[in-house]
Amino acid sequence: MKLMKYSIIKPYILLTPALIILFGLFLGGVILALAQSFGYFPLLGLNTFTLKYYIEIFTSTEFLDALRYSFYISFVSSFLAVVIGVFLAYQLVRLPKEYKLVRLIYKLPIIVPHIIASLLVFLFFTQSGLAARILYHLGVIKELQIFPQLVFDRWGIGIILVYLWKEIPFVALVVYTVLNNINNSFEQVAANLGASQQQIFWNIYLPLSLPSIGSAFIIVFAFSFGAFEIPFLLGSTYPKTLPVLAYQSYVSSDLLQRPYAMVIAITLTVICLGLIYIYKKLLDLVLRYK
Amino acid sequence: MAEIELQNLSKSFEDKSVIDSLNLTVNDGELVALLGPSGCGKTTTLNIIAGLLEADNGDLLFDNQSVLDMPTKERGAVLVFQNYLLFPHMSVGQNIAFGLKMRGIDKKTRKQRVSELLELVGLTAYADYSPNDLSGGQKQRVALARALAINPQVLLLDEPFSNLDANLREDMQNFIRNLHLEEEMTTIFVTHDRDEAMLMADQIAVMNQGKIEQYGKAKELYTKPKTRFVSDFFGKANYLKLELEDNNFIFNGVSILISEKDKLALKLRSGKSIVAMIRPEFIELESMEIERNEETLEFSGSVVEEHFVGDKIYYQVDIGSEILEVTELPQKSFEVGEEVKVIIALENIWFMEGEG
Amino acid sequence: MAEIELQNLSKSFEDKSVIDSLNLTVNDGELVALLGPSGCGKTTTLNIIAGLLEADNGDLLFDNQSVLDMPTKERGAVLVFQNYLLFPHMSVGQNIAFGLKMRGIDKKTRKQRVSELLELVGLTAYADYSPNDLSGGQKQRVALARALAINPQVLLLDEPFSNLDANLREDMQNFIRNLHLEEEMTTIFVTHDRDEAMLMADQIAVMNQGKIEQYGKAKELYTKPKTRFVSDFFGKANYLKLELEDNNFIFNGVSILISEKDKLALKLRSGKSIVAMIRPEFIELESMEIERNEETLEFSGSVVEEHFVGDKIYYQVDIGSEILEVTELPQKSFEVGEEVKVIIALENIWFMEGEG
Amino acid sequence: QKQEENVLEQEWKEVIASAKGTEVNFYMWGGSRTINQWVKGYVAKNLKEKYDITLNMVPMDATDFVNKLLGEKQIGKKEGTIDLLWINGENFKTAMDNELLFGPFADNLPNYNRYMNTDSKQITTDFGFPTKGYEAPYSKAQFIFIYDQNKIEKAPYSFEELIAWVKSHPGKFTYPALPDFTGSAFVRHVIYEITGGYEQYYNLEDEAEIRKKIRPALEFLADLEPYLWREGETYPSTIAQLDNMFADGEVLMSMGYDPSKATSEIVKGTYPDSARTFVLESGTISNTNFLAIPFNSPNKAGALVVANFLESFEAQLSKYNPENWGALPVFSYDKLNDQEKEELADLDLGIATLSQEVLDKHSVPELPADLVPIIEDEWNKIVGK
Amino acid sequence: MITTAKVIRTTLIYILLLSLILPLMVLVIWSFTNDWPWPKLFPQSFTLEGWKYFINPVNGAWDALQSSFLIGIGVTLLALLVSIPAAKALGLYDFPGKRLINILVLAPIIIPPLAVTMGIHINFMKYGLTDNVIGVMIVHLIPCIPYSIRILTNVFEAMGDKLELQAKVLGANSWQTFIYVTLPLIYPGIFSAGIMVFIISFSQYLLTFLIGGGQVVTFPMVLFPLVKSGDRMLAAVYSWVFIIAALIFTLVMERIFKQDQNKNQAFYM
């Protein structure tokens, strides 16, 4: 009997240290941010719950523009990263076995931090960057000002490029593992049943790797949606991304700005959670038979 | 349907020869088993026929036409893989319709064909199930239906029953036999189970180390194996080493007259050592008192071991020079230690060359 | 060694009853098979005996002592899992020594015991191999040696042969039988293969849905099954529905005299319906002209199907009211359509209650 | 804690004594390799040798450390981690408003009294806000224009001359797009010139009025676009790009907030040797930056000693050296003794750097810092479209 | 037919790979020059100044690298300590609430650490966890733990509980089972998870910045301002040191951890 009791609580005992950290730090952080966003911040002498901050933030154009801008950047970069990453992964799967180095090299950007990635984009894509120089020497452009503004620009191209450089290998890695497992067996079945290469890709590889592609998209999207460093380093003055906006409210010399930062943080959180929910729903829909 | 001919096919992986100048002709409409131990190259052969692997050498003919340069989708040879490989992201119905869809068949036709096939394999109610919710046997049947959907000229089955448990296996074996009787497409299936091969196939190709060792009907392979390998593969046997003396074999003091025909067939020469192969169930045991009067070899022996295994009993009988394996039906029951008469009909002795 | 007694053991997972007041006594030194279909609770039972699972109810005695509160490592019952489960990060020798090491046995003793065991299982040369480099049968033997190393009182084997191919399986079966003959430790092994159970075990416990349906020797279970389930599980059978009239059963116009003893045992009453079970191989076929003079039932029939499967032939014989399954050794060969005499020895008929 | 409160009452010798063997955390902007190296090298070495103080430079932007202090103040953290700050402008104002600073301490520094003109607004106010002794001056910066004397014989001197030059050399002038720091400063100059000086912007609270007031200047810039590089369709996004274009001869003028910039760029090899500096007759914007001590500095004595050292003639001169940093010193020339004057005269500022005398004469103060974002916003609307 | 498709594919892959790798090459060049004016394709002159600056102990780059390693290794050990039991629970057992905990474990991957950290920052300050290494290591756990738990959970799932049961049956107690069986078997997983956690911790800027309060100077803390101010040469030097340090760590770990066991594919997720 004693043994049995232990076996029931055993998993919980094993989980305790992790749960302490997850509850204490992570959930604690989220809850505190939530409380502060509603104006409950005893340390600042704010003790009443109010929707004031939400109302103010949600009606400010700066916030709405930032929301749109963040969405735009994350969506475009994640979408492109996933499309190109899946392409890369698919091609890598089909690459003959001997290309070991290629399979190693493409992963390099994964261990390079985003800060360095933004330096790379800076070196390459400013108007006097290497890309412009190469075009100049190719005679494509005659003056440096003709080179389009790709960094610190309103379209967030520099930011998107950083995310692409970082996330394409990430997506490729995740998808490669999955594709590699699908490899051969299902492909052979399909080919044998009369499917062409293209049909195999669209009917077999893509749907089978869709869950991992989807989760890679979510991870990449959420990461770029919530990341501060890159838009801070390469972004335009206006609009800003949500995390930059949140950060600036947070480090504002007026502590009473913090609830605003928290409202933005909570908005980020809720959107990311909503995304998972939509993803799960879509997955259920697409993969009824999984 | 089609006749299939493998001519001197060879295939190596890296430097390892896996198929070695293999020759085999499968007649139109036949149900053939490719039987052999693990790793002998059965799957490889099937893959080459299906067009999923390229042979290094030799030729592959369908109805006397080489198909080596024909891509898999045009050969009309559909392979059903050992582990079903149903597409997990499609329903049963979608799986079956896959090949048709790839051929651009319109939806209505597809639907109709799918329901025909579902009926054929007895899974009408399962069209919208996920493959994951099916039992092993049901999966197997879906895989079959998927292959059949595109009316293959040749059906290739890679160990179609090895993942099924005993009852299911019997069902599926019957199913495929009946299907073959109805549709009569050329069918090759791979197995390493001799009973299965014998139960199902019109002809059996026994494969060993990349070659066909013997090709023939079950009974022939069982009773008249050309090599020790085939003999062993088809079950227990007693191998008696004989000495040829003129027209007689001498064994255990008894001399056996050999016909001129056998002598010629075996290219027998005096003094050469020959092995007589006798299957245990071709040996009869009788209580000492029973009289027999057929053309037989007879020894007396004593039972040294007895094993009841339901529908038969395995005995080991000491006849002095040898211990013979004998299988009897359970009606005939002897006890360990009992003295018995061992009777071997001459017609049941098979002579092979080689060491005993 | 030990006698094992399971008393009214029950076990549920969530609300699903898996073992249901199970009773079983295994005598000291016996080799017992636990035989049953997939999911009937065999592994669960073994796990309870080994102490890896706790029973919900009932008692478990080793030599008349309850061991319910004894942790696994003290019970002296070692379980060999179905798929060997060799530790992949240890050499063969280290695997075998594992249990000894855990008990703090010194290195020298361990070494010595390991080499004894390696010799026992015929793997002396393999002490330093990685388990990954062994064949299935070798792995199986290492797993056994590892279990034997700690001199278990009770050896529990969960489907020890199901992963092996035919030849290996036979070797291992022999190996375990011989081992048991030598060491005589109480051994329970799980299988869903009736042939294996019959071949190996002293006693067989047939399990169905969490209960022991019948416990006895192979022959008894085969010839005298208590339930239809057991009968079916042990192979094909013909079930003839009989009517009792006074002291006679009427079947197919023939009336069969029944002994008083049978009548009592079956609690027969007039008008009650009874099933006669006859195994196919207990039916003899003879060419019409042959005369028989034993105490037999005799019908005439005609062969409707014939299947040669090597060491036997399956026939289906139409006797008018029924089609009987008959197995004959291959010496006796009949053709489809041939008229035959069907002979059933009365002693080979087993009466069961129930519907035909 | 008690002893720390007393540090302002202590004799300087005692301060030095209690600072001996301690560690001082100096929080400062860390984006410049030269500055970092000067602090971590020259300053740290001297402090160690002279006072046995270990200087620990912590790179952090002013807004961040002010925010950190705010948090610490809020939760009542009596002992923080920062001993000395490099600060000015709005951040200083915030710090004062929230009582984040320790002081007044400037008067306690021997070098402050020894070398500074303690009456000068440049020393006693910070972006128009009185320092009240809570800040000790550290450095000065001043806006300058850069031209190539091989291509422009005579640099413009008045704003009008500059505009005339721009108009007569279409496509050869531009400035970095806002919010670039230097571009933004350039626009403020135009605002001073067009709208009539800076004084009017002090004490101006109403945002709408500010926007109205600066509008003519922005319209002026919009009208200037046809004469700018690429006709004002686009602007270089950073000063670095403008520098590149200047180096390449694409444009003929650049600008900077560091008076010795031209010299150091020549030294680095990016600018041609003929690059020179000029300022406008009506003055260019300069500001002073300061050192301050947080309320919860755990080592106030050490902070005082470090601040004092940084204000020493020796440190200021080293800092003034373009090879080390090139930042303008904060001492008053009049307070130097002869030997010091000589050393100052011996310092080679480089051919492309204006003398401090000239710079001082042409210096105008910054606007209150909170106007900067408004200007950027208006510029984006009117000029940058 | 096959060849053209192949050529196109190979070309595309190489273009893609080139665009992933070329920037890193250019970074090498930039670390040796400051003199590379438009529109030159190659620098006009090279200098070791950046590397000298980096090596000069006064500039604290070594110290920063050291504390990055210290913190990275500390976080890795902490994360593994916490993740191994948790992953075992999630990988081997079924229990009420498992789904919920699974979601909770993964949530920090999706929910921006920025949001979380802003929420707890002031409480950290209150409990003395800011401005020191301990606090920074703890806060690094937030983005790290989901990865290590995830990777190890996969490993435990793949391993199953059978081998542990086998050890029990053979008479091992819980502790012996863990040391002799579990630990050696999850070795490759520990390696993958360890690398992952280390790299994440090693790359952290904002969390270190907020919680470390400038007192905890890790490598990214030094690197970030350089990138921000556009000091290309020095930023390039530091970037390379960073990348090489991360690579060396990975390789060293690989040496230590990977015996002849075959590779674990559960990298990442």
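Just so it is clear, A, B, C, D and E label the chains in written order, and each chain counts residues from 1 on its own.
Basically, a contact is a pair of C-beta atoms (placed from the backbone, for glycine too) under 8 Å apart; a residue touches a chain by one contact, two chains touch by 3 or more.
It should be emphasised that the depicted structure is a prediction, and the values quoted were computed from it without experimental measurement.
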Which sets of chains still touch one another once subunit C is disregarded? one piece
Give the chain pair, either A-D or A-B, that is connected by more C-beta contacts. A-B
Where the CA atoms of subunit A average out and where those of subunit D average out, how many Å apart are those spots? 39
Find the geometric centre of each of subunit B and subunit C from their Cα atoms only, then give the gap between the two centres in Å, rounded to an integer. 27
Distance from the mean Cα position of subunit D to that of subunit B, given in whole angstrom: 93
Taking each chain's centre as its mean C-alpha position, how far apart are subunit A and subunit C in Å? 59
Residue numbers in subunit E touching 2 or more other chains? 38-39, 122, 126, 228, 230
Where subunit A touches two or more other chains at once, the residues are 43, 128, 144, 250
Residues of subunit D touching subunit E in the complex: 25, 27, 29-33, 36-37, 40-41, 44-45, 57-60, 64-65, 68, 71-72, 74-75, 77, 80-82, 238, 240, 244-245, 247-248, 268-270
Quick check on the complex: what are the subunit E residues that touch subunit A? 9-10, 12-13, 16-17, 19-21, 23-24, 26-27, 30, 38-41, 81-83, 85-86, 88-90, 93, 95, 98, 101, 104-105, 107-120, 122-123, 126, 138-139, 141-142, 145, 149, 199, 202-203, 205-206, 220, 223-224, 227-228, 230, 232, 235-236, 239, 242-243, 246-247, 250, 265, 267-269
Which of the residues in subunit A come into contact with subunit E in the complex? 8, 10-19, 21-22, 25-34, 36, 43, 84, 87-88, 91-92, 94-95, 102, 105-106, 108-109, 111-116, 118-124, 128, 130, 132-134, 136-137, 144, 165, 168-170, 173-174, 177, 212, 215, 218-219, 222, 225-229, 233, 243, 246-247, 250, 258, 261-262, 265-266, 268-269, 272-273, 275-276
Subunit E to subunit C touching residues, read off their complex: 162-163, 165-173, 176, 180-181, 184-185, 187, 261
Complex interface listing, subunit B residues touching subunit C: 37-38, 165-166, 192-195, 198-199, 218-219, 222, 234-235, 279-282, 284, 307-312, 327-331, 345, 348
